[in-house]
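Two complexes are shown next, each including subunit A; its partner changes from subunit B in the first to subunit C in the second.
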Partner chain A sequence: MTETTTRSLDDPDIWVDTPATIYDAVPPYPPRTEREAEFYHLRDGEMLLNLGPQHPSTHGVLRVVLKIDGEQVVDLDPVLGYLHRGVEKICENGDWHHAINQCDPLEYVASMFSEAMPVLAAEKLLDLQVPRRAEYIRVLCWELNRIASHALFMGWLALDLGGLTPILYGFIERDEIVEMLAAVTGQRVLFNYLRIGGVNGDINHDFMSRLADWMGRAGKQIETTTRLLNENEIFVRRTKGLGVLDRETALRTLCTGPVLRATGVPYDVRRAHPYSVYPELEFDVPTRTEGDSYARYLLHVDEVRESIRIIDQILHELPDGPVMAKIPRLIRIPPARAFVAVESPRGQYGCYAMSDGTDQPFRLRLRDPSFFNLQAVGLLMPGNLIADTMAIMASLDPVMGGIDK
Partner chain B sequence: MDSRLRRRLERAFADRLQGPVNQRQDTTEIRIGAEGVTDVMRALHDDSEFKFEVLADLAGVDTGTEMWVVYHLWSAQSPDWLRVIVGGLSRDDPRVPSVTFLWNGAEWAEREAYDMFGIIFEGNRDLRRIYMPPDYTSFPLRKDFLLPDDAARSPGEGFRHMEQTHQPAEFLRQPVVRRGKDSLAPNRGPRQ
Partner chain C sequence: MSVISRPWNRLTLAGKIILPLLALMIAMPIILLVAWASGLLPWLLGIGGQVVTDNIDVVRFLMAATAILLFTVPTAFVIIFMEMKIIAFINSRVGPNRIGPWGTLSSVVHGLKVLVKEDYTPTGADPIVFTWAPVVTYLAAVLGLLVIPFAPGLVGLDMNIGLLYFFAISGLAVVGLMMGGWASFNKYSLLGALRAAAQVISYELPLLLAPVGVVMLAGTLSLNQIVANQAGNFWDWYVFQQPLAFLIFFIAATAEGNRAPFDLTEADSEIVAGFATEYSGMRFGFFFFAEYVAVFILSALTVTLFLGGWNAPLDVAPLLAMLGIELAPAAIDLGGLGMGLLIIAAFGVPLVILGLTLLLAMLFSHWGWIKSLVVAFILFNVIVGAVVGLWAYMSFEVVSGLFWFTAKTFTLAFVFVWMRGTLPRVRIDQLMGWAWKWLVEIALLNIFLTAGAILIIQELTRR
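Then we have the complex of A and B:
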């Protein structure tokens, strides 16, 4: 005979005695800095609310402690480090080629940019001339990846405001591009395609036919997707005038990319400090002056159009030739220092590399744009309602893989 | 290479520069000491002949013998990146003035450099660890922090423990909060 027991929620024994968790908003130690003391001191009527780390609106494992007064956010304290895996240390302990696939998952939405960092840095340290065909293929892949990332951004922004439809369209767009890149790189997300001195393989027929197919309707598809949002009254009223960042503040907060350009600063690394074959290509740097969430959204749409323009030019001008420079398998880079930067979908992705004459990087510092852009939430959120914090955070488009490194 | 920038830098910071202005590819490099950071960075940011408005990067470096803080700046007036190396910081107690008075966005970058190298940025009002847990005592990107699988580089031993405790300055030693056996759970976040 088996004995059955009924357990009710009133029974104290069914609750496991858990230690203090990450869900406790107040840290279990005295404040370490002036700022922390100020934040965790509550005035009358204020309370702390823990958001994240596993929350769909924080775009990854970001935890934000909100100090709220009623429905209004008074202050906030972002807590990073949940995805930290010490990429810079790992890169120092592998050789230059290993760094490429270690940097791949940093910006997992547009990994073609983060994997470019050790590649471009090593090329600059070696003074290496990359074949022109490889440069064009790189730019082609970068721009495709930018569109894929921007398509997802529009969907995410709408999703955080409660609209489910645009993200489905965004994923359709992204999936087509990702399949296209998978045809040439063999991977859907972490491409590992760029190599020191070129790219891993030449583009193939599968890729070209998919690309030609997609280019035929790309412009139209963008219009369809954006028509859902551009004049959607709910969307516009929840983003217009919210999270306004002015020019000076954006520069001082080290924002880059669409966040900075939405405030009227035409800082785009592709033009400000040209790299690869961008000087030969014709495109504009769209800017807006409003600096709010809606301006950031519209800027992303404009950038997609510019990217399509660039891809169109590349398809017409793609030169023939090899896709890899002739370099030895084992690269020993003479002692030197180099800084490279690219314009990723989120802003300036930078890399400061030092070599000491061995086959391993001595120091590989990665500068992630969303790390700096995310700092702006501390300026933008106070004074807004909790529900609007989502619209603001989504419009900054953080990717936690790169922020936590 | 921007030779005009080189001449301007030599003229403006003659008494601050340690060594010549280096130029290679598209980068101009100057080297200063920690005592000159506030003046030089303010001048680079504010003066109409420089106008380095964008701080492109802030990185800490451990050369094995000394600590560096490396700034990269961008200006619309020069085609070059400007690299400012603040060298000669002692490895025991590296201190450098904060640049958050010019770029408040440098706050997190300085927190990262503090977290990874133990460099203390004087004037940063939120200098706490940003990635690692608060009761962590090592500085992972220092050269004497060896990974367990890095046996080839470790002197003699062949294997060294992953976390080498460094002795930070007295006031930074925080009370360590231990929560029984769960405090060493591998999957905990940075603050609990």
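Then we have the complex of A and C:
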């Protein structure tokens, strides 16, 4: 092997003599921080393993540099930003309506939630009253999308543990829901359905017939999928007691959603800071106290059941009326600031919006729950085996679109 | 040069293969004629015949090895197709359905695909070891088949230490995996290879200890003899005398073949593809084939040791004899028919087919004559095939043995596929703990229990 010299990434004029051949995963610049120096100093028997950005089970383009000693993970360094598009800045360049479809692909597994962010923010800034039928339809779509996302989560967790089948059962469930949402929104993944002041079009017969068809067997289908995993000794043994996140750490790392609720904190934005018509609906906030991967999985199952309960109530109480408030096409929002949040399948999806009196948002800061949940990875993984990194990562359920923004 | 190379380059791949073969076919008779006339060929044949008769054992070994090697390829194709279709069924997918009826040829096309794909050696790899690793793995998987008795008399080599030979050969597979993982110059490959080494060596112990009970009962290491000892009805099989050993052996065989739920060496969600990460083209194909050949061989060995090998589950002859029916195969003296055979073949067969056509056309009036004729022809062939098969099954032990052996082996292969479709993967520490804390101990216990039982029975029978 020939010795190579490389330009420093910090200062392109400096040539760094590195002993780095292709044998080394060490970056071709001197360590910039103490943490970096410590991380890239390999003790005897340790090696660095680049997990991603192209790897079958990192859920998108997450790169994790693992420092491993045999099969054991000693330390790790998550590297983000492979999917960074600068969505927050792009949102400032269009008007408020454009922000909706810019935020749409952020959380691409459940995009009904991320597209709600500029909508809810603008409504709060305008102090707009949304028609009740529109609110009900929104909640209906959100809960359907939550089930679609959770069904996929169960499959992914099993797939990362080596089970081939549950992911396809999850996709069957998701496909049915996505098809029925496509019947009303026209899109399967990036719905672009919510509008400032309501929703884009009323629900139609196709949607309702598909929904009624699915509701008849939804509970049974969930049972089939979960029975495949809950009664599987290998699955239970691999997830129970793995990646235990305690209550204080979860709160300190700002985890929300199922990750936080699995540690025993009953924090659900739908109940803690009610929005839309959730106060009128009857549902529980399931919690678990173990905080491990298995608890997170079971919590997702419980939440699916609660969502089915909510959908059932909505179908009984869906009011008549318009689905869009009477607002002008061009919205000029007076200078103000607002924070809105929804409970997405991954936790609290928040948006801090500033308006300066024009028709464009002055600033649209998005709080993606996956980003904060992913912080726990650094605390949970060291000391576990390589195989467990997948189980932990899958149980935190990150979506890289929202993390990198 | 371009006069030759330009038309040559215009040829497709098939043309480039077929054209030289055609030239060779034209040249071959001339060469043979000249060799025959000059006396070279008879002389060579004489020497060759002498050499063959002098070294008949070596020739027999080579012939058996070649036959086995050729046999593994279609077997692997069948099991790959089985896996694709069955896992698709478990996953509620359609599975392969494009090439061939019900997609049966898609695994063959997969085989052709790996043949024409680019064969890539990564920078920094050790080319020699990298190239030879798949060969070692494949040969280690294949050569174990030599001692497996497919049917009475149908065995590559009837060694008196057959079982020992099998374990010695199949233990070599891990060498190939280690070579591949080490020479690939990839961390995932290295992790996969180290996992393979740890796993295969750990599970070799229960895999070896479990059949000891069977060997004690049979009193021999020859697989042929072990199968012969299980003759009779299905309750004579060793699985009913050694149920613990059977379970241990099956679990250990799953781990030894690197199959789910013990497929840690190529855990695609953890270490990408394990030792095969850097392999492409036919080198990957060898690893891939070796895995499925290993599934077949481990199923075959389990069948041989525990499930009666080529023995039918029920011996119907004594039952029928009790009822007064002598089921001797009808001795058909085809030679005695003389010209009659020709007449039957020339007129009887078309007449029967035409009769069937008439019958079908009357039964299904909307079919039309052509369709009736085709269906009648197929039906006739099916009936004749069934009759001939039944006759062969009743007359020849080889056919009946082969039938039962294949049926049992593919049933077990189905179980392997079924497990892969259903179960998640175990973790490495659980895997090793399972082998060392449970399987080895239970296997040892089984040996002691079997020895004790044999001693007690001997004491009782002596009195």
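Following the convention adopted for this analysis, the second predicted complex is superposed on the first by the 380 of 405 C-alpha atoms of A that agree within 3 Å, B and C clash if a C-alpha of one lies under 4 Å from a C-alpha of the other, contacts with A are read in each partner's own complex, and residues count from 1 in each chain.
Keep in mind that, in the parts below, a residue touches a chain if its C-beta (ideal position, glycine included) is under 8 Å from a C-beta of that chain, and two chains touch if they have at least 3 such contacts.
On a predicted model such as this, the values are computed, not experimentally measured, just so you know.
Visitor: In the superposed arrangement, does A:172 touch subunit B (first), subunit C (second), both or neither?
Guide: The second partner, subunit C, only.
Visitor: Touch check for A:232: first (subunit B), second (subunit C), both, or neither?
Guide: Touch partner of A:232: subunit C, not subunit B.
Visitor: Applying the document's definition of touching, compare subunit B and subunit C: which contacts more of subunit A?
Guide: Touching more residues of subunit A than the other partner does is B.
Visitor: Which partner does A:404 reach: the first (subunit B), the second (subunit C), both, or neither?
Guide: first
Visitor: Using the touch definition from the top, say if A:208 reaches subunit B (first), subunit C (second), both or neither.
Guide: neither
Visitor: For A:158, decide between first (touching subunit B), second (touching subunit C), both and neither.
Guide: second
Visitor: Indicate the residue numbers of subunit A shared between its subunit B interface and its subunit C interface, in ascending order.
Guide: Correct list for subunit A: 22.
Visitor: Could you list, by residue number, the parts of subunit A that touch subunit B in their complex?
Guide: Spelled out, the residues of subunit A in touch with subunit B are 19-22, 24, 27-30, 32-36, 53, 63, 79-82, 84, 86, 88-89, 92-93, 124, 127, 251-256, 267, 272-273, 336-339, 341, 348, 350, 352, 354, 363, 365, 367, 371-372, 375, 404-405.
Visitor: Would you mind writing out the residues of subunit C in touch with subunit A in their complex?
Guide: Touch residues, subunit C against subunit A: 87, 90-93, 123-124, 187-188, 191, 194-195, 260-261, 263-264, 267-272, 420-430.
Visitor: Using the touch rule from the top, collect the residues of subunit B that touch subunit A in their complex.
Guide: Spelled out, the residues of subunit B in touch with subunit A are 24-27, 29, 53-57, 59-62, 70, 72, 74, 76, 79, 81, 83, 102-109, 116, 125-135, 140-141, 145, 147, 149-150, 174-175, 177, 179-180, 182-183, 188-192.
Visitor: Which subunit A residues qualify as touching subunit C in the complex?
Guide: Touching subunit C: residues 1, 22, 47, 49-50, 55-57, 70-71, 158-165, 168-169, 172, 228, 232, 234-235, 237-238, 385-390 of subunit A.
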